[in-house]
Amino acid sequence: MFYRETGQFKQSYAADSAVFPILQDRYGLAIIMAIAFVLIPMFGSEFLLASVMIPFLILSLGAIGLNILVGYTGLLSLGTAGFMGVGAYATYKLSTLFPQVNILVWILCSGFFSAGIGVLFGLPSLRIKGFYLAVATLAAQFFLQWCFVRVAWLYNYNPSGAIEVSGRTLFGIAITGPMATPVNRYYVVLGVVVVMTLIASNIVHGRIGRTWMAVRDMDIAAQLMGIRLLPAKLLAFAVSSFYCGVAGALMVFLWLSAAEPSAFDIKLSFLLLFMVIIGGLGSLIGSFMGAALIHILPIVIRALPESLGLPVAAATVEHLTYLIVGGLIIFFLIVEPHGLARLWQITKQKLRVWPFPY
Amino acid sequence: MLYNIFIDPFVQMVQMPDLLVQTLWEGLVSGVLYALIALGFVLIFKASGVFNFAQGIMVVFSALTLVGFYAKFSSWGFSGHAAAFLALLLAAGVMLVLAMLVERVVLRPLVNQPDIILFMATFGITYVLIGFGEIVFGGDPKQMIANELFLPSGSVDIEMLGGLVSLQKIDIAAAVIASLMIVGLALFFQKTRIGRALRAVADSHKAALSVGISLNQIWVIVWFAAGLVALVTGIMWGARSDVSFALEIVALKALPVLVLGGFTSVPGAIVGGLIIGIGEKLGEFYWGPLLGGGIESWLAYVIALVFLLYRPQGLFGDKIIERI
Amino acid sequence: MSEPATADTVSRQPDPAPPILSVNNIEVIYDHVILVLKGVSLTVPKGGIVAILGANGAGKTTTLKAISNLLHSERGEVTKGSIEFDGERIDKLSPNELVRRGCIQVMEGRHCFGHLSIEENLLTGAFTRRDGRAAVRDDLEMIYNYFPRLKQRRNSMAGYTSGGEQQMCAIGRAMMSRPKMILLDEPSMGLAPQVVDEIFEIVKDLNTKQGVSFLVAEQNTNMALKYATYGYILETGRIVMDGVADALRDNEDVKEFYLGIGGEGRKSFRDVKSYKRRKRWLS
Amino acid sequence: MSSTTNAKGETLLAVDGVSLAFGGVKAITDVSFDIRKGEIRAIIGPNGAGKTSMLNVINGFYHPQQGRITYKGQTRSRMRPYQAASQGIARTFQNVALFRGMSTLDNIMVGRTLRMHRGLFWQMLRFGPAMREEIDHRRHVEDIIDFLQIEAIRKTPVGKLPYGLQKRVELGRALAMEPELLLLDEPMAGMNMEEKEDMCRYILDLNRHFGTTIALIEHDIGVVMDLSDRVVVLEYGHKIADGTPEEVKADPKVIDAYLGVGH
Amino acid sequence: ANAEDSIYVPLFTYRTGAFAGSGAPIADGMHDYLTMLNERDGGIGGVKLVIEECETGYDTKKGLECYEAVKPKKPVMVNPWSTGITLPLIQKAGVDKIPVLSMAYGLSASAKGDVFPWIFNPPATYWDGFTQILNYIADQEGGGVDKLKGKKIGYIYLDASFGREPLPLIEQLSKELGFEAKLYPVAAADMQNQSSQWLSVRRDRPDYMILFGWGALNSTAVKEAVKTNFPMEKFISVWWPGEDDVRGAGDGAKGFKTLNWHAAGTDFALIQDIQKYVVDAGKSQVSDKAKVGQVLYNRGVYNSMLIAEAIRTAQEVTGNKVVTGEDVRRGLENLNIDEARLKEIGLEGFTQPLKLSCNDHNGHQSNFVQSWNGTAFEKVTDYIAPMSDKVIPLLDEDAKSYAEKNAPWPERTEACDAS
């Protein structure tokens, strides 16, 4: 009833190919932005900012990166955490070698390093497909993680083998290290994520995005349309890894503030992949939804018994969390296999025809 | 440097042949154990095109069930071989129930969905099994009831090549049991009507449905078979270390094996397992120290990758059909 | 499998014969939102050949899938109406049970098992059968007789065979289940004219010799009406016209829009005028 | 311009002694024929005769073991599909090969890929040059959508379209490439009379108004006879006849192998 | 329940995941002791303790989440129970004013109170532990560190920050003392699959093996050692294996040794009290009553004793009853558990006295070696001192380099209580 596009006519192709052609969607987006930029920092607790929102945004960024590869280009990858690690270690090295340059610059630059590594490990994708490719990218995952452990130069020969984040500022405001308040860190992360999401959205809605999707949907036909597979796939690897790299750098520098190689273990790769799938392959909004489901939901469930005043042991809560999250994943898949984003779309479609059933 | 890479390892092999034999044997044993895990994956992949993320946790879960039943029996004063085998039977029963539940609750509503969606669903299953398993069995490691199941312990020490090669009896048993299982399963799926139906289902759910193949029945069968394989895997791995949730990660070891052998091939699992097992032990043992050790963690994948570049569908996998 | 002898006589007079299949006023919705069939009813008499005609997207395939219960796997569902086969409600049965009872569908677009050889493909059709290997062998031979081309390619992987070969394989595979009724979705698509003839001859053959009933969704109206006894015309999810095949063939509208024969006989495709738009019966 | 004069045009593509085998299966054996600029050339033959394979050879998806192909004066025995595309060969497929996850509009826009040049940087910004380019090409695509009368399904994901419309979108996608040579593999399979008529009209219009050369595989003999200037007939990978529709139709070998007596 | 009259003590535990086998007994020990104080004494100094577990699964990210979750409730200290979680907390502690007690784990250099005012890792660092094992080996070889010369010593370890912690020390000492070190890293994913490492052990034939493992790594290492026929008397671990880790290897494991600084068993008044007030009252989560008194359970008890004593000392030093994190930091720096105090607590003979100070946040305590006899660990040596002359300078250096690498590392501003 309220969600109708009636009466909104597109006068130009530009307006018609806007990412959010429907007015109500644009309002929705504006409201979300207002909440993210104003409400949450104003009223959110430190816990909400530091343990819910920052990780959520960073994971979403990683998921967007992976989605470009898996969802848009159809290349299954399990090396995501490795590529994230490249970003993190690159930032660490760069920022310790050139401490005078602003950390944010290095965080963004680190993406280029992981993009390079991503391209390298993307080379086999021309020949190897599907789950086979997924397992081939595991080679990247394990090799990179091994490097993070073995190549002491990468972590400046710290005895703990971990990388530590020192305090750095942006315009005189601490954004990393112990002095950076969650609000500051949140704004930096939010800013980076919003800008990069916008860019990703631009890319996937343009020629390059179409090229990727064509390769995904039917690579043979794409070839016969004049698309060269290898460059297209490698570009996807590069862009995807760039995003993952930045996400990895953010993860260490603005979330964990110290990281061992195991922060980039295979579990993270799987989790990101699952975020992408449950959120919706080939959907940027889906990446956020997936990250929310897999990162925020368990936190909420964990917090439930306490806020209800139920005396449940921590371990039991954890067990139940697993049980419930697992159940919910299956439930959502059955309701809508194409992910939360699609579920949302269908809901909107129903809204559009409401109150009639179809 | 070059000497260290190209010559020294071989000199070592010749100088200490007993160690070479031992290394090969260890590789063989791990290969067989990897193959066992891979087999679980292959069964399900073959029949539903599903890459079963839950295989690892199924290994843990089945082993815990077995040990759990036995513990219950012995707390009632009933222990020994008979109790152990009864527990084994019950654990198998639990795997059957699990197979039926998975089919009913997860697979049936998701029929004809893309592979990756089903893959995701198995991740849901993993979480459920972790949560459920930890509630029921608790997180602490348990001892595998190897003796009660007539699994041998101790070792056979063979003097040869101027040294001592020691073969663990449990490893020998693992190799024998795994080979038997693999041969049995290969025959079952190759020689029976079900086998063909299985491959048909893997090819296309839709078409299989249309010719009247009962997906439900097929799925219960393969998930049950995979559950049994998981149980055996759990017993074997559990006897080598402990039965705990840490065992779940060994499932990762099966991935390169799968790629190498091909996702759909039972013999592929064993050949792939052996290549990976032996390759990774040799690599780690002779070349690992050059790189600071621990190269095992990625060597298997690199070996698999190299093979894949030659055969994108794995050594024995079904050919990937590219036509328009 | 039963009563092959009498089928021939019955098939010529559809009305009095007891229906083997009756579809009553079904509605189908995809994805919970897209309404595709808006109340479709049809009957197939025992031993009959019935054709469903209609433009692209009219809902022919959907109708057939609703009957064979394959809709479920595409997130479609029958929300209204009922379907009876052989006197029993079948809307809740699994496709596999339906095949067991003798109703099988040949899907549009072939759907052969690409990684199985042609022969294995055919054998999967016999999955529900319990009458022993020998009988299956015999039927296999029968199919090779019908489609000699398949015999030549029996050991090729179906994924590598040509479109036409796959179509034959799909039809042969369905026949392997020894059905009482076959739902054929666009059997002639992509087949050489000669083979189209053959296939319809085979349909007729099975129909007369073995009493198999057919429900055929077909674009090749000419062919369909030649072999069918009765026809339904479907437009955007509704039956807009039905009748005995011969009557339909004589209908002016059908002639013009489905057979391409205007008032003055067959026209060349070169002369088709671009302004001609079909009139819609309903909607 | 009438099509008969077209048929006298120079040779656009010549296939010379091409043989192609897959393992033991000989799909094409020593086939030669040519396609002249501006003509509609039909390829017919029984199922499995090697027609589709022939198209695959022409646009570089299969590499023949023997023989040469001359296109626009350049002779080659091997090329990559994207090269064929960039030289102006477009095609549709027997089994619809659309990009199922994308909308009709996007599918057709993919056909413009080769003509769009703004790089990653501008794509990232989207505003400015990339947007302008996008809109230019969108305009072109809208013309095609108009021409094929598929305005209503512009934003629908193609996977959900009925078969006939999918075929039409596929044609649109090929047209977006503004090809010189258009290969159509059974464009009318699974269509009813009216839809076939529409399709014929599109093909003829293309041929007449844009001078596009067309190679057409089709099993509907009526269509083939009415539309094509010349017909080549394959059987079991061999060429058994080549000539005008009338000649071919009367050829006893063709009747025997393909048409059957009824036609 | 975060009222004005209670002290909030969160416990980071892991009863799930791959390391639950080691994590659960420790969690029980910690929890039960504190519960007992509540039950028996009504808390500490009359103030009730609010004890809350947060499940980390030994996962750094979850650990940080726990930290953020407990932070608003004003915890008086946190116990991460993972070196991986400790590392990021080292940076946050000073800002959030929450002391971190990483008992015998974490960053060895954090023993330096002047650089790390908020981090405490008593009673010994990993570096101390490593040198104690070396000292023990030297004793076995006849005494004197010069006996280590020419020896081949294998080091098998969890390839994470924990196991890697001693590597710089090993590098240094092997040069200085002239022994040859062989490294056998075990990746977490390969914990249960160590055959390659032990094959190499067979080849290298080290004279001694040193183990720094955790969770299933320990049990698998012991089993593999038995299989490899490595002489068990020469296989010595840092203090983390428990009985359950060894039992599975059967009789072959007899003679396996670990370091320890406290006794096992239940023959202590305090542990009796725990049994009475908590375990028998059904307020404990132990799966099996027999686990009370095992090595890792008692390790948890020891950890909680430090917590309790720190709070008590803080109450004494500051005069506040309801103490804050800042107070407890001072409490820890003034911690002085002497024999008399141990007796009062009910842990006479359980362990050695411990005294911390402003500069020394560790104590660098001596440890003894215990040997597995098939059913239990037996103490087989006296307390062995670490090579402080080697360790302390290295620690200083490392602490300095940490501060440099993390510049600007805050100067210590917290005043020292003269004592």
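Per-chain residue numbering starts at 1, and chain names A, B, C, D and E are given in the order in which the chains are listed.
As a working rule, a contact is a pair of C-beta atoms (placed from the backbone, for glycine too) under 8 Å apart; a residue touches a chain by one contact, two chains touch by 3 or more.
Computed from a prediction, not measured in an experiment: that's the story for all the values here.
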Any chain in contact with subunit B as well as subunit E: A
Relative to subunit C, chain with the most remote C-alpha centre: E
Chain at maximum distance from subunit D, centres defined as averaged CA atoms: E
Length of the line joining the C-alpha centres of subunit D and subunit E, rounded to whole Å: 74
Distance from the mean Cα position of subunit B to that of subunit A, given in whole angstrom: 32
Between subunit D and subunit C, distance of the C-alpha-averaged centres to the nearest whole Å: 29
Numbers and ranges of subunit A residues touching at least 2 other chains: 146, 149, 220-221, 266, 315, 318-319, 322
Where subunit C touches two or more other chains at once, by residue number: 34, 160
Subunit B residues counted as touching two or more neighbouring chains: 130, 134, 139, 252, 292, 294, 297, 324
Parts of subunit A lying in touch with subunit B, wherever the complex brings them together: 76, 124, 127-132, 135-136, 138-139, 142-143, 145-146, 149-150, 220-221, 266, 270, 274, 277-278, 281, 315-316, 318-330, 333-334, 337-338
Parts of subunit C lying in touch with subunit B, wherever the complex brings them together: 68, 70, 72-74, 94-96, 98-100, 104-107, 111-116, 120-121, 123-125, 127-128, 157, 159-160, 173-174, 177
Partner subunit A, residues of subunit E touching it in the complex: 13, 15-16, 27, 52-55, 57, 60-61, 64-65, 68-69, 71-72, 83-84, 87-88, 90-92, 94-95, 107-109, 159-161, 164-165, 167-168, 185, 187-189, 285, 398, 402, 405-409
Touching residues on subunit E, where the partner in the complex is subunit B: 14-21, 23-25, 159, 183-193, 195-196, 199-200, 202-203, 215-216, 219-220, 223, 227, 229, 244, 247-248, 250, 287
In the complex with subunit C, residue positions of subunit D that touch it: 22, 25, 45-49, 52, 94-95, 160-165, 186, 189-197, 200-201, 204-205, 219-223, 226-227, 258-260, 262-263
